[in-house]
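You will see two complexes here that share chain A, one where it goes with chain B and one where it goes with chain C.
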Partner chain A sequence: MAPQSSIRDTFFEECEDLLEALAEGLAAMAGGARDTDTVNAVFRAVHSVKGGAGAFALTDLVAFAHRFETVLDGVRSGTLDLTPEVMHTMQRSADHLADLVEAARNEDVLPPDVSEAFLANLDQCLGAEPESLDMGDTPFDFAVIPLEFGDDPAPKEPAGYVIRFRPLQQLYANGHDPALLIAAVHALGPCEVALDLSALPDWDGPDALTPGLGWTLRLTTQESETVLQEIFEFVEGLCSLDISPLEDAPVPADPLPSPAASPSPPPGPEAPPAAASAAPKSDPAAGAESAEARGPKPTLRVDLDRVDRLINSVGELIINQAMIAQRLQDMALASDDDVSLHVEDYRLLARDIQEAVMAIRAQPVKPLFQRMSRILREAAEATGKSARLVTFGENTEVDKTVIERLADPLTHMIRNAVDHGLEGPDARRAAGKDGTGTIRLGAAHRSGSVIITIRDDGAGLNRPRILDIARRKGLVAPDADLADAEIDGLLFLPGFSTASAVSNLSGRGVGLDVVRNAVTALGGRISIASVPGQGTEFTISLPLTLAVMDGMVVSVAGQTMVVPITSILETIRPAPGDLHRVGTDDSLLSIRGRFIPTVDVARSLGFTDPSARADFPLLLLVEGENQSQCALVVDAVHDQRQVVIKGLDSNYGQVPGVSAATVLGDGQIALILDPDAIAAHRAGPAATAAPRPPLFHADVHHGQH
Partner chain B sequence: MTVKVLAIDDSRTIRSLVQKVMEDAGFDCICAEDGVDGIARFAEVAPDVVITDINMPNMDGYGVISSIRGGEINQSVPILVLTTESADHLKARARAAGATGWIVKPFDDETIVSVVRRVTGAIG
Partner chain C sequence: MANTDLAETDLEFVTFSAGGQSFSIDIGQVREIRRWSPVTPLPHAPDEVLGVMNLRGSVIPIYDLAARFGLDRTPESPRNVVVIAMHGSQTVGLLVEAVSEILSVGRERIQETPDVRSDTARQTITGVITVDEGMTRVIDLAAVVQPRGKAAA
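Our next item is the complex of A and B:
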């Protein structure tokens, strides 16, 4: 069949959930969980992937899922020991299953030898008797009762059949209607139907309620016996049935056993054991579970476009609210005026709606983290190291886009942590550590940001070597004297790589600079902390959402601009003695015994109007990557407010120093500054004294957004 | 009167497929996503035929069958089980539990429609 493509999409969406459940279950099992719920959930996930894949004729996927399922069935039934090797194979198989799903989604085919290898691994788990696992169920086997056809296995076009059919109690109980069966036979050709009352029970006896009606059908047809058998397929064992060719049909006395001789529960080996086996599985357990079955909350799947449209509208709503509030303020109404109160309500409501809408886009980082355990396994395998991933804060919710765009950087950092962070098992033991390294991946909310940490317990950064490499590559001046944090920061420079041997992993052409760019593009920051011998920790701090942020509205050279609150440490109006000139253009701010470079925002953005500069400008102390600080010179600070971010990229491309734009309450367009980029521009790639060009020429056309 | 089908399956994919095939064939199709949900829907909609998966969370297909067969209403409704295995022992087990018939996944449109017609006597 060719199911609609929307159902196909449903299948792949569902596969994502199933693979996630699979990974989660396997992780629990790897952690020692052996309870039936966990094992059943794992089994079901694979089973459902197989079931759906079958509907789309994804044969590779079906074949692999089937074998995987066989192993899981062995584990479930206890015929297969869950050794570490089996556990490992199952986790790798889950990874491969995900690959197969992905390939199927892209209408791609994986090289057959890869699947072969995984299949071989699964077979190995099953040991010598791969197919013997079904043995546990054989007592229920129906021992296929072939409907013998006299002595002649291949009849030469019989003109028809005589069918004697008498339902047993169970046939009625199972929801069959003899009339439907008779009608189906009748549909094959001319058919005489005779009601056979010979087996009616003794109405006074104990078997009075035993069904006794039977039918004898004389069917004339050219159809084969198989077609006839199919009609009775579902009632096999639930009735006495005799099919014989029309010619040599015996003129019957009564070939059927009388109901007295074959009492109500149907004969045959299958019924009692099957019933017995069904019992423990069904009611009591199911009933007990049903109480807690209401656990998962009902959900609704919504097209992402619709959510984004909603988010956009809410953004406009917030702007609209701000405009009204502004107008109202201009009208200088009394603060307890009715209108003012209503507008305040409006503001609160708008804020509520906004939060609710943002929550729609928020997703837990769990699936992302789960994917990382696979990356870790692969990286450990490729480097011959032993590593485990410990995650925490998986339920921290982050904007969907952030999660999606975090996948690549995080993947790289996990690989990096295994490849460069952790030592080999021998070196670890020599250092008195556990031979298996631990990488801790965590997420948490902290004051309007999401903090992601990746920490290894490896050897820590080798700073002398980093500095050496940076010098040799000309990334720093040969005589530069750098603080530890500055040395660590060198890792983020483009083209920096410490891999002494090109390992399997480092050939991927991604450096930490790419990671940093990805994080910066999300409005986030990344920093490193490292303790020799104890490990290295990367901290990524990200905004909760990409749609709004809290900003400080400032004036620079007559322009209104917004600085993200998250990067502002404090606002300073310096005393004359606090500023120290360095050279002609630069100056340092002296604060609490430290010197911090200042950056004239107007100048670095290309507004050259120094005459308008106040003598004692305001400074915004901002913190950039790696806790490096600088002070931004601005003309005035107006207000702190939430602003709706309007991307510039699609209209202007990337503008250095400016991350986006926004529309303020009075309808004015303001640029949102990127303090990191401005500060980095100040530092320059090699801290030369050469005059710098302005970051960009600020001929942004206001009014367009 | 239109035949009302209750499809119980924890897989969204399979539910969508069954529903589409049933509706294309001119039947009404109501879906439920596990056994417990299925039993609740069963009481609400009084279907003419039930199609249920076997392996489901909360209550499996055998549970659904025995719950309906042992229930107060509509006990002898035809119940079809969806199974990926064509193995005889599973069919036998479903039959012993009270299933009317089965549909082996992957199914094609015609098979499932014809099986539904077969056990309900629906015409067309």
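Our next item is the complex of A and C:
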């Protein structure tokens, strides 16, 4: 059972790749690509899924893939025009195929009427075109597929072959079954099979073990000879085989030891015929080579735990290197000392290794983006709008975990963009735009971060309406006067939803605040920009990896600590008049005409060592959840650096106000502060003691907790 | 405790002194013994948690064993050592005054903890072993490092 299920797992893993290739190919076709390579790639993907599914008796999947393949075959051979309708059907079919694969993986069954609808759509494309392929042979199909070369000229010469095939004794001894081979040939096209009994041995003869059956197959196909030869690859040397183009026919079956066409002794009986008949075409070896060159690069599937273990060790290596370097510096050696030079090499090597290891976890955002094109199609269908997705920077690589955790927020934003961002087709045309809206989804690296942008060319944010809604919901004070950017920021407040009618898609009360929280949880930021009439752009900025973080090194009560850069808006050295006491403990910072609460980090953490108190504290202006701002009081700011994040949970537990720890260059541990938690800690008891008066602008602190 | 036939009767303990008393811990739980190095204090930590230290890249909490048993905190001294011990997948350090010896005793020599009044002692000491001039207390590491009530928050 176990081996079977592991093969099954492999099949589904491969399916992911195949579906990805399928989506990619279809997207290229939708974008106007009509070249054979692209169409063949799409065809191959579906074909491979079908073949594999056949092997696992996933009948629904096989049936659907088969019909899909028939349509693709029509496109490939030029009998079917690639109209936008056909294109649309194919894309939707690809989505459905993905659903079927997913269902099969979970051992689910999709409701049959759904499949029926898709099958009907495909049939509609085909018009009256009849089913041409025989379904019975599919289980063996998949042996054939990878060998189908996109560049072979076969489609231009609809021809056939005569295959004379006579197994030797060894073929049976090795457990091969001629029926399967014949079935595989049969799968390539209509095929006549004739049994050749001419070599049946005399029953009375001494050699009853010598097999006497041979077959002559007359195959009509568009496949190249290479494909045919690949079918027989596994029985090379185990049979006598002759493949010749159909034009050379008719050839009557040869009597068994056929000296001319099939040298029967094991050393490569296939070689001479191949050389002979392949001459007008490409050499099979060359074909295989080119296929390899174009095919996917060889990859290795590795358990993620192993990679993480490696990443951890490398993190330690880096720290260890830093410690050695620091010790050396303390020893005040001459800078050209051998040891110093070696340690410098060590540093460079360690960095190289770190980058290489991080690259293992990094994955292109492409599959994620491809999933979004499906989301877009569904959203467009549900809202009756017409939209297309344009992606760029798909090869930008991001940490695998980041990609996984980005899927939900991105889905939500794409839906939002279609549902709220784009206008209906009529409104668009009235505004002088193309009836089909464009949503651009892109990724890029920028100074150690990954920037993801989602831009629609819709009407832009309706700021008066946003403000109106926010006022009605009590999210802002009725008289608050907000700048455009501040109004845009209201969209991220919990419970904010602009859709006047609750639609199926978005607007279930789960809004951009959820997106924002997901992005913040990844150590990223999200911002919004909008131009009326031209569209809205969301920008998500994310760290490249979750294992390393940019931090600001500060001291608090004599301790060195790290504050994540992403949460710091600015550092402020307040003038004496900028801090205003409120009551005995609290003070407010006045900045640009607003009052921001301050939090003494040392006191919040319970480090109350007054002797370590600096005379001139620094303030870090941080933005927490719900865009509430507060100023953290620290003693000093040292520098900014990348720190390796070390969890506290595994050996100790959670510490309030602290998200993790890191190891500094001197080997000492520094705590990484969680500004949100520290700010919340302040808000907690204070808020219960007395409702906070609306001293400062009403825009920031009304998020429901 | 995975004992081979040979060790079936003999158990090995590492004994050390903390707060002037002798404690011991199953040798299978001890990873290494390190000299003391400064730790980074943790906010809102219970009294016996001195802070965290860096053990080859891992962040491990250091418990003052004496303080854990309600004695005074171990005074700073260059002789102090940290016993690195593992409980399941959790690695912790125990600050003690000195490591004394490795004790190999038959199982029958371990006596149940007499009925003492201290809750802490009852919960964290699994037994006592008589040694030359007195006795050593066998500690239950899991109970020692278990977050206590409000301290866990």
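To be clear about the criterion, the second predicted complex is superposed on the first by the 400 of 705 C-alpha atoms of A that agree within 3 Å, B and C clash if a C-alpha of one lies under 4 Å from a C-alpha of the other, contacts with A are read in each partner's own complex, and residues count from 1 in each chain.
In this text, a residue touches a chain if its C-beta (ideal position, glycine included) is under 8 Å from a C-beta of that chain, and two chains touch if they have at least 3 such contacts.
Being a predicted model, the structure only gives us computed values, none of them experimental.
Contacts of A:651 after superposition on the shared chain: chain C is touched, whereas chain B is not.
By the document's definition of touching, neither partner reaches A:195: not chain B, not chain C.
Of the two partner chains placed by superposition, only chain C is touched by A:667; chain B is not. When the shared chain is aligned, chain C comes close enough to touch A:312, but chain B does not. Touched residues of chain A were counted for both chain B and chain C, and B has more of them. By the touch criterion stated above, A:300 is placed in contact with neither chain B nor chain C.
Interface of chain A with chain C (complex): residues 312-313, 315-316, 319-320, 559, 605-607, 646-648, 650-653, 655-658, 661, 663, 667-671. Across the complex, chain C meets chain A through its residues 38-45, 49, 51-54, 56-61, 89-92, 147, 152-153. Here chain B touches chain A in the complex through residues 10-14, 16-17, 20, 34-36, 53, 55-60, 62-63, 65-67, 69-70, 76-79, 84, 87-93, 95-102, 105-109, 118-121, going by the rule given at the top. Taken in their complex, chain A has these residues touching chain B: 1, 3-4, 6-7, 10-11, 13-14, 40-41, 43-44, 47-48, 50-52, 54-55, 57, 134, 137-138, 140-142, 144, 172-177, 179-180, 183-184, 231, 233-234, 236-238, 270-271, 274-275, 277-278, 281-283, 285-286, 289-290, 293-294.
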